[in-house]
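Should a chain be cited, it is by its letter among A, B, C, D and E, assigned in written order, with residues numbered from 1 in that chain.
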Amino acid sequence: DKLDDVLADGELRCAVVLDFPPMGFRDSNNEPVGMDVDMCADLAAAMGVDHQVVGVTWAERIPALISGKVDVAIASSSDTLERAQTVGFTVPYMVFQFQALLKEDADITAWEDLESARVGAAVGTTYESEFLAYKDTHWPDAEGRYVSFQSENESFLAVSQGQVDAVIVTDTAAANVVNSDKYGELKLGPVAPFGADYVGMMTLRQEYGWINYLNLFINRQIRSGRFDELYAKWIGGEPPALDIPGVYY
Amino acid sequence: MDYQFLWRPVIQSLPQMLGGASVTLQVSVLSMAIGMVLALILCFAKMSSFAGLRFVANIWIEIARNTPALFQLYFFKFGLGAVGILIDSYITVVMALAFNTAGYMAETFRGGYAAIPNTQLRSARSLGMTAFQAQVHVMFPQLLRAVYHPMTNQFIWVILMSSLGMLVGLRELSGETQFLYSKTFRAFEYFAATAIIYYLIAKLVLGLMTLIGNKVFGLNRGGVA
Amino acid sequence: MISVKNVRKSFGDVEVLKGIDLEVNQGEVLSVIGASGSGKSTLLYCINGLEPVQQGVIEVDGMSVHDKKTNLNHLRQKIGMVFQQWNAFPHLTTLENVALAPRKVKTLPKAEAEALAESQLKHVGLGDKMHLYPNALSGGQQQRLAIARALAMEPNYMLFDEATSALDPELVGEVLDTMRLLAEEGMTMIVVTHEMGFSRDVSDRVAFFHKGVIEEIGEPEQVFGQPSSEHLQKFLAKVR
Amino acid sequence: MISVKNVRKSFGDVEVLKGIDLEVNQGEVLSVIGASGSGKSTLLYCINGLEPVQQGVIEVDGMSVHDKKTNLNHLRQKIGMVFQQWNAFPHLTTLENVALAPRKVKTLPKAEAEALAESQLKHVGLGDKMHLYPNALSGGQQQRLAIARALAMEPNYMLFDEATSALDPELVGEVLDTMRLLAEEGMTMIVVTHEMGFSRDVSDRVAFFHKGVIEEIGEPEQVFGQPSSEHLQKFLAKVR
Amino acid sequence: MTTVAVFGDLQPQDLLFLGEAALRTLLISSVAIATGSLAGIVFGWMMAAGNRTVQFAMNALLDIFRSVPLLIQLILFDAFVSIAGFPMPAFWSGTMVLSVYTSALVASVARGGIESVPASLRRASRSLGLSYWQDMRYVVWPVGLRSVFPSWVGVSLSVMKDSALVSVIGYIELLKASQILITRTAETFFILGIAGLFYFALSFPLSRAGQYVERRWQQS
């Protein structure tokens, strides 16, 4: 199976979304870096093989997997039941909160203020669909407009340029953007009331052995303290708990 | 091939995709209408004796014709944003496609104009028509006929290129498809259905335009030559 | 009366008319012959005010064509013109072709303009083609349509610029017959033509153009019978 | 000898040749006249194997044109053909136009083919135009080029399809003179033409086509002088 | 909080990055134009010379590529080769789609070129004894090529510009590279300006050169 293939090839190929800082992005040499990239490197090291990071957009994750261009997608992908009908997920290796990102001078303080604002998010992300679903149920006649962006970074750009009043992003990204002055004066906005976003690694649905291996790898990352290390390096602050209280799996 | 095709989700979301298709049509018709008006203005600007006008028209036409449509779209999206002009993706797409259409059709108008034998204008003037009357009653109907076919092609092109809306977050047919796809990860099925819908739209519009063309210009009303 | 006095005309650096003097009297038929490029068409365009001149005066019924004060659109109604080809407006039916100018220029009501158009079309023998589009007509019919269209403005003069030379040989006759009819009805005409037979039969005078000047002008018998200019002799030998 | 026996030819449903019988003997000049659409060009195309026939046999020097076993490319070398217009290959100089077929078809070496081309061009009076492209030539010169090009294959027969009717009147003469020269040299020719004068002067026989049949054929004096068919009388009256 | 710089200023090596991407744009478009044109000429000849069935079939087939957005063709083909189990690098799937797309456009141009050669010219060459292929090679090809050369240049330039769409399947060509740099540095105008200039610098002289060649041919 895939596990044997990777071991035999001596190379692990990971799909990583590279416009999703700090999980995946390009450094000033345009080389891929980020927490997902380090995860990939750790996994390869554990298997004793080389690693290769294949940069993908949100939309390319699945074709890359199915075509066998990559062995695993470490691409901050939310583990929805709908998606799991198409691909196989590991246990979560990361969890995000969703948060609004605002311009420094915006007068949005509470989540409800977004009802009448122009809000954006990256297309195809979980928080996009969560936000749209929330909007439909809670603010059925909201006057604010919604805009999707092709990538996370574009949404930062858009809010800094004032194309929208707020964008919904992950808490990890938000913290990062606000600390950088690249996009001008931005500030953290209210946290979304809808749930946390657990993301897993993905591979082909039928690769049980490979999924087992990946699950154990994630488990060991946390047990060994490597996860906390990476979290401190890329995000900072208190690492979140990846377990769900009151559930076996 | 291990992959199992699963068409049920596609069929279930067909209404949503058709909703996207109607946005595609709206955007295309709007871009086309604005683009044609701009094209006519550009065409006259380029033929005008005022150097400033000619310069602007030339710059516009050359940029529209010599850079990718996607570049033009990014330009309207990021470029205008960077100088603080706020537009949403719908208007961005319409602006970019209209900009492009204007550049291309301006040249078509000019070519169509040049293709009308000059005895036509002379005949009209020799009958005592004013320059304006000659343009309106003799030249323009022939111009319209001459550019009708290229205009139809441009219209189809605009419909197909409006799929770039997906890349700036517009939920037209492609954007809607991408949204649906990201929920289920069924890329092939969704985009195959989308391809079929585009094909049908293109054929439908072509048929309609041909029908209108035959009705308005008549098969038996040949042009000169 | 059309009078042309010392007219010079250039396109850019090229002088095409090098001092033309000419008078055409009421009821007269003048035909103009000459090699390609000698300036025949250009003269007609100048008479009709379709081209400016650099020097000289052209008067039609005493009105100076190139005077700024002259209302050219008004003057042109007096002068009908038929070109070598592509005369017919392809987007209009035969009837609409003829009725257009009466309606828009003379602002006649539609019914009246069409009645006028109909009578002119019958005059040139196209009474049964009124609702066809020009491309359903033969070349000769299209030229007759052009004549009818010019006549519908009730002009005092008609200018023909090689009206038959783009036609198939079989179709030349019908157009020439229509022109002959006009001449017999007393229309004042200037006819640029390659049809020597027609020119000889119908014209009161014939003018021979050579490189922008009128080298010879006179009655057909004289011009064709005893050409004095060498160029004219050569020209006639060529076209036979 | 060219012999055409009971040839019928249709385009789709339209029968264009309705049983043509014809013989053209060595050294004979046959001219073909008739209204537009009567099938004159079609007959020439059939003789040269450019169009298939539905019935009948055409033989050239005893070889059946439409027989599967006949090598048409070979046969066509015997038959030169000149068309109404667009004869000259626009991308080749005059010399190259003439040398192309000798080089490619007869596989002559370049120098030889060009020498041949040069002599043929001189023959038709284009010795000084060898390095010009066709669009620098007048229409008449282009037609003479086409004649030279055909002659360079040293054909036994020449077919002319209204070789002068797209020309300005001034240019017709020079082409007819070249054709006259060929006739005098004894070339066997079939000449479709609207030039009645030429036809009368040069032809041994004249055939009148009417709606796909040869309505009348005979010596020029008889065909032009005492036409028996009513259609021919009408036709002659029209073209004068 | 964080110690890592996610965003950075534009650096000299970024221009190199753009330059490489520009070369990739050139590479993928030239390969696609070359193969697409060759195939297109063959298709065009089939449509001009074939019988009605061939014409109809070719037309219907090639029409599909002209009636579905290139963007969708790219995504669909990439997804298809994926699930069919023939993974290939984005360069190759992009090249294949672009080539087929080009061939569909070139086919109608080539057909037009062949049909633009006046029948009398072809009759003239056949009447001299030239065979079908000699006629094709020495008359139809050079004459037809001249008449449609400008359209062919137009098709090529539009394929060059459309190659920007290959970015959606992950090929980092010029526009994608610009986008990466824009999102990292937010230097929108500068980077878009460079990308635009590059396209313009490629397209404008080529179309002018095409016009020039066309005019020269018309004179000869």
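Throughout what follows, a residue touches a chain if its C-beta (ideal position, glycine included) is under 8 Å from a C-beta of that chain, and two chains touch if they have at least 3 such contacts.
Going by UniProt, the chains are B = ABC transporter permease; C, D = Amino acid ABC transporter ATP-binding protein; E = Amino acid ABC transporter.
Given the structure is predicted, the values throughout are model-derived calculations rather than measurements.
A.B. asks: Using direct touches as single steps, what is the fewest number of steps from subunit B over to subunit E?
C.D. replies: The least step count works out to 1.
A.B. asks: Let me check something: if the centre of a chain is the mean of its CA atoms, which chain is farthest from subunit D?
C.D. replies: The chain farthest from subunit D, judged by C-alpha centres, is A.
A.B. asks: If you take the mean of the Cα atoms for each chain, which one ends up farthest from subunit E?
C.D. replies: The chain lying farthest from subunit E is C.
A.B. asks: As a quick test, compute the distance in whole Å between the mean CA positions of subunit A and subunit E.
C.D. replies: 36
A.B. asks: Need the CA-centroid distance for the pair subunit C / subunit E, whole Å please.
C.D. replies: 52
A.B. asks: Based only on mean CA positions, could you tell me how far subunit A sits from subunit D in angstrom?
C.D. replies: Measuring from centre to centre gives 81 Å for this pair.
A.B. asks: For subunit A, which residues are shared contacts with two or more other chains?
C.D. replies: If we look for residues of subunit A contacting two or more partner chains, we find 59, 63, 66, 157.
A.B. asks: Could you say which residues in subunit E touch two or more other chains, in rising order?
C.D. replies: Residues 75, 79, 82-83, 85, 168, 182, 188 of subunit E each touch two or more of the other chains.
A.B. asks: Please output the residue numbers of subunit C that touch at least 2 other chains, ranges allowed.
C.D. replies: Touching at least two other chains: none.
A.B. asks: According to the definition already given, which pairs of chains are in contact?
C.D. replies: A-B, A-E, B-C, B-E, C-D, D-E
A.B. asks: Which bits of subunit C are touching subunit B when the two form their complex?
C.D. replies: 45, 48, 50, 73-74, 76-77, 79-81, 83-87, 89-91, 100-101, 104-105, 132-136, 146, 149-150, 153
A.B. asks: What does subunit A use to touch subunit E in their complex?
C.D. replies: The touching residues are 18-19, 21-22, 25-30, 33, 54-57, 59-60, 63-64, 66-69, 151, 153-154, 156-157, 160, 175-177, 179-180, 182-183, 233-237.
A.B. asks: Which stretch or stretches of subunit A touch subunit B in the complex?
C.D. replies: Listed in rising order, the residues are 58-59, 61-63, 66, 80, 82-83, 85-87, 118, 120, 123-125, 128-129, 145, 147-150, 157-158, 161-163, 204, 206.
A.B. asks: Provide the residue numbers of subunit C that touch subunit D in the complex, in ascending order.
C.D. replies: Touch list, subunit C to subunit D: 35-36, 165, 168-170, 173, 194, 197, 238-240.
A.B. asks: Quick check: in the complex, which residue numbers of subunit E touch subunit D?
C.D. replies: Those in contact with subunit D are residues 118, 120-121, 123-131, 134, 138-139, 142-143, 146, 217-220.
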